[in-house]
Amino acid sequence: MKKIINSVELVEEQMIEGLCKAYPQYVKRVEGTNVLVRADKKEGKVALVSGGGSGHEPAHAGYVGKGMLDGAVPGAVFTSPTPDQVYEAIKAVATDAGVLLIIKNYTGDVMNFEMAADMARDEGIEVDEVIVNDDVAVDGSLYTVGRRGVAGTVFVHKITGAKAETGAPLAEVKAVAEKVIANVRTMSMAISPCTVPAAGKPGFELGEDEMEIGIGIHGEPGTHREAIRPADEIVDMMLDKILADLDFTGDVAVMINGCGGTPLMEMFIVNNHVHDVLESKGIHVYKTLVGDYMTSLEMQGFSITLLKLDDELKALLDAPADTPALKA
Amino acid sequence: MKKIINSVELVEEQMIEGLCKAYPQYVKRVEGTNVLVRADKKEGKVALVSGGGSGHEPAHAGYVGKGMLDGAVPGAVFTSPTPDQVYEAIKAVATDAGVLLIIKNYTGDVMNFEMAADMARDEGIEVDEVIVNDDVAVDGSLYTVGRRGVAGTVFVHKITGAKAETGAPLAEVKAVAEKVIANVRTMSMAISPCTVPAAGKPGFELGEDEMEIGIGIHGEPGTHREAIRPADEIVDMMLDKILADLDFTGDVAVMINGCGGTPLMEMFIVNNHVHDVLESKGIHVYKTLVGDYMTSLEMQGFSITLLKLDDELKALLDAPADTPALKA
Amino acid sequence: MTDNAKVVEILDSMKKAIDENAQFLTDLDAAIGDNDHGINMARGFKKVEADLPGVAGKDIGAILKKVGMDLVSTVGGSSGPLYGTAFMKAGGKVGGKMEIGMDDFLAMMDEAIGGVQMRGKAVAGEKTMLDAMLPARDAMKAAAAEGKGVREVLDAGVAAAEAGVEYTKTIIATKGRASYLGERSIGHQDPGATSFTVLLKAIAAAY
Amino acid sequence: MTDNAKVVEILDSMKKAIDENAQFLTDLDAAIGDNDHGINMARGFKKVEADLPGVAGKDIGAILKKVGMDLVSTVGGSSGPLYGTAFMKAGGKVGGKMEIGMDDFLAMMDEAIGGVQMRGKAVAGEKTMLDAMLPARDAMKAAAAEGKGVREVLDAGVAAAEAGVEYTKTIIATKGRASYLGERSIGHQDPGATSFTVLLKAIAAAY
């Protein structure tokens, strides 16, 4: 394992500190916790809290700021944060308008966030939640835990954050979040694995010419493995899966998300074909994001996210946001 | 070589197309060229043109937009663009206020850009140039070609772009660019190489526990190679070299730049110690940028850039910028 | 059968057993999950060990509740809330007691399993820790009903847990992260079922 | 000695020689530069080859100017302006001529070298293409002065160029990208000196 770190025990702590030092104008750390909240607490609006394991940077702390999240809770690398930490975040950001938790659909995340929500409710804080499950790679049937929450979560942060910023009541903010969740789909692939620092070795191995299709953001195996193909064919395969899942005819937002180790050049090559395919199918791209938004440490690969837009979602997507990792 | 591309011949073309499709609100391609210019040409101000080989994304096209560049010229991967392309860029963006070329100090870049400048002057266009040479890793003595231009170039784009946006005359815009160049220093390292697509194999090899100190943004060898050490020790070594070169006492801007394959988590860990060291030496960090600003394909590593600030540079650094890769 | 000092002793040896198996548990999780189960459990029991001196003199219920809270607040992931709740529930069953017997222990197992099922909403056959916990509990109850001694009862539990782990290799995961693999999860044993077996063995070894 | 048809033939064989050596030249550049010299040169000569039919009937000056412009507009990097200028300058020396002799050729070499020095501001001993060009030019002039035949003159040039390449292994680069390496550049031969030798060999092979 070759990493630019000091020790595997200090990775999360020094990452949090380094992030706070980089962006004092945006975030501050709640003392004695790993929780990051807006440098200036905004009253009179629903507060948004999200989080998950570390290793997905800039998610989630990079989205704390005006028009997006009020608090972010990073756990250990690829491990859901614990309830006490989430509870601290809720307490720190709570306003009279209530708190909305944006949870990615993993058993661990859901359990830890819900335990925290219970603790906060016991204190009289109004807390509600939404669960993001945009990954079309996995079976979403009733006989599984459902789809994973992956890069589409960033659209949920952006749009729900814009809605919250308007001062809308909790129920309306939640409704917008659920609208995004209902309309967002993602599919991922990787050509190289990533190594959880404490594990010391990669979570999986890929042959010199292999790729993993449908991989999760924690390096969880995907739908299948096959020999690497030209980028356009990979895009075709991934879009087929996304477009089979939801009718995207009309306007969409596109996110080409890098997994952490992917050069931007390759993401633009991917984007080139994504646009061509969508256009050929009568789907109009209203806005595109290309970059590292929800990563998996140093993994090389990308995900494609499509979000179906109506006028409300367009306006909220375009609304101002000022955070370390996303500005609009 | 494992890459998400279609063919080595199409890499630059499809990257450019993918970038244009992602950001039509910012950039458009000059027909029949590889040149990218602002979607809306701004008259009445000095126009800035930069460029270099491809493979440094988001540089340089990612910095085209309000408050930064007017035109960017990407060459083949890691290869300076040719004079005809640079000339097309100059022609496309030229205003009555003149054109300033921001060139990184490589023999090839300087020759190609200067040939283009000559061609443009023959057409009656007022063209001037600055040459960025921020890399303290290499000997800047008179007996060499001098220092390389690396990540500090992004600060030159940002600050010079802000100055140009005020409508200042060419001489003043150039003077600000030279002030930035005089006050910016960078040092880089890598723990893994990168592969130029057409070359098909890495430009160098590193042992399982080796790192290259002082590496260039095209994977050029650096000052030396040694066994990898804890991040803080690497930072100490790099900062020593930077701080020995210029007295940074006072206010500085910091850029922790990823080489393309480096996870943000590691960059934040680096930033954590950079801030601690600077503070301990009485250097105050006014602003920090952490991310992929000037990359080397998928190389894993980072650079530290320090820019010494006075009030003028602070104001220009903070001035609005709206580009795909940098917003202020 | 067991006083509070012995409970502390057992918790100490659980910590050691988890450490010894951390790499193994993580490797199992790499195959069908996210490469962290052993790391998570080790982080949790490190905190447990650090806090034990502070609660060692207290009643068994208080000790186990503290263990549960430590696990909930340090393990994270799925196993944190699950094991944390299991220990808290088990502790809740024996609040105030300085000594417990086999009946208490079996009732605590019921409570722990109830906690896991309340949180995780899984049933038998979904390739989770329950596939070791449920057969172990049943085997121990049966052995106890036959009047077997403590060590024999615990050995029966360990044997059933181990069989449960083997069984997890044969089934598709429908809960937890391994469920994303569908058919590809077959052939791999469940990390959580394995860590439960490690913990139960640490208990058995104390008798 | 050489008419315009033969020039086209030689340019064709230059293209083949560059292709054959592209990987080698790139590998040399990987060691002390940025891993692209062969790629750059091959891209340039591909364009040259494509454009040759369009200028084949023209005078030698026009042909070489076109070659120079093609190289300038496709090679990029340092070698593009340098070789491009070299060919353009050489062509400038023989504008209008449909046939040239040894005197013309040596004058063209002078012009080409002058162009490279004007652009790159390097002198002998800086570990660049000049360390093959200068000795080759001098050796050819000397051989011509001795009244040697074309093939002998060119062979003398190739031998001197090859010796120049060997010499580049022994010196520190002070121009071009390899200069960043300082002492570490010693032991490696210069890619540009090597590509010049490849081109000169292609000329020699035509006689």
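The chains carry the letters A, B, C and D, assigned in the order they are written, with residues numbered from 1 in each.
Basically, contacts are C-beta pairs under 8 Å (C-beta built on N, C-alpha and C of every residue); 3 or more make two chains touch, one makes a residue touch a chain.
Since the structure is predicted, the reported quantities are computational estimates derived from the model, not experimental observations.
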Set of chains whose contacts include both chain D and chain A: B
Smallest count of steps, each to a touching chain, taking chain C to chain D: 3
Most remote chain, CA-based centroid, reference being chain D: C
CA centroid of chain B to CA centroid of chain C, Å: 54
Intercentroid distance (Cα basis), chain D paired with chain B, Å: 32
Distance between the centres, which are taken as Cα means, of chain B and chain A, whole angstrom: 29
Per-residue multi-chain contacts in chain D, two or more chains: none
Arrangement of touching chains [line / ring / star / complete / other]: line
Interchain contacts, given as pairs of chains that touch: A-B, A-C, B-D
Complex contacts: residues of chain A adjacent to chain B: 2-7, 11, 14-19, 21-23, 54-55, 57-58, 62, 77, 191-192, 208-209, 228, 230-232, 234, 256, 260-273, 275, 285, 288-290, 292, 295, 297-298, 300-302, 327
Complex interface listing, chain C residues touching chain A: 26, 30, 32-36, 39-40, 43, 72-82, 119-120, 174-177, 179-182, 184
Footprint of chain D on chain B - complex, ascending: 53, 75-85, 106-108, 111-112, 115, 137-139, 143-145, 148, 196, 198-199, 203-204, 216, 218-221
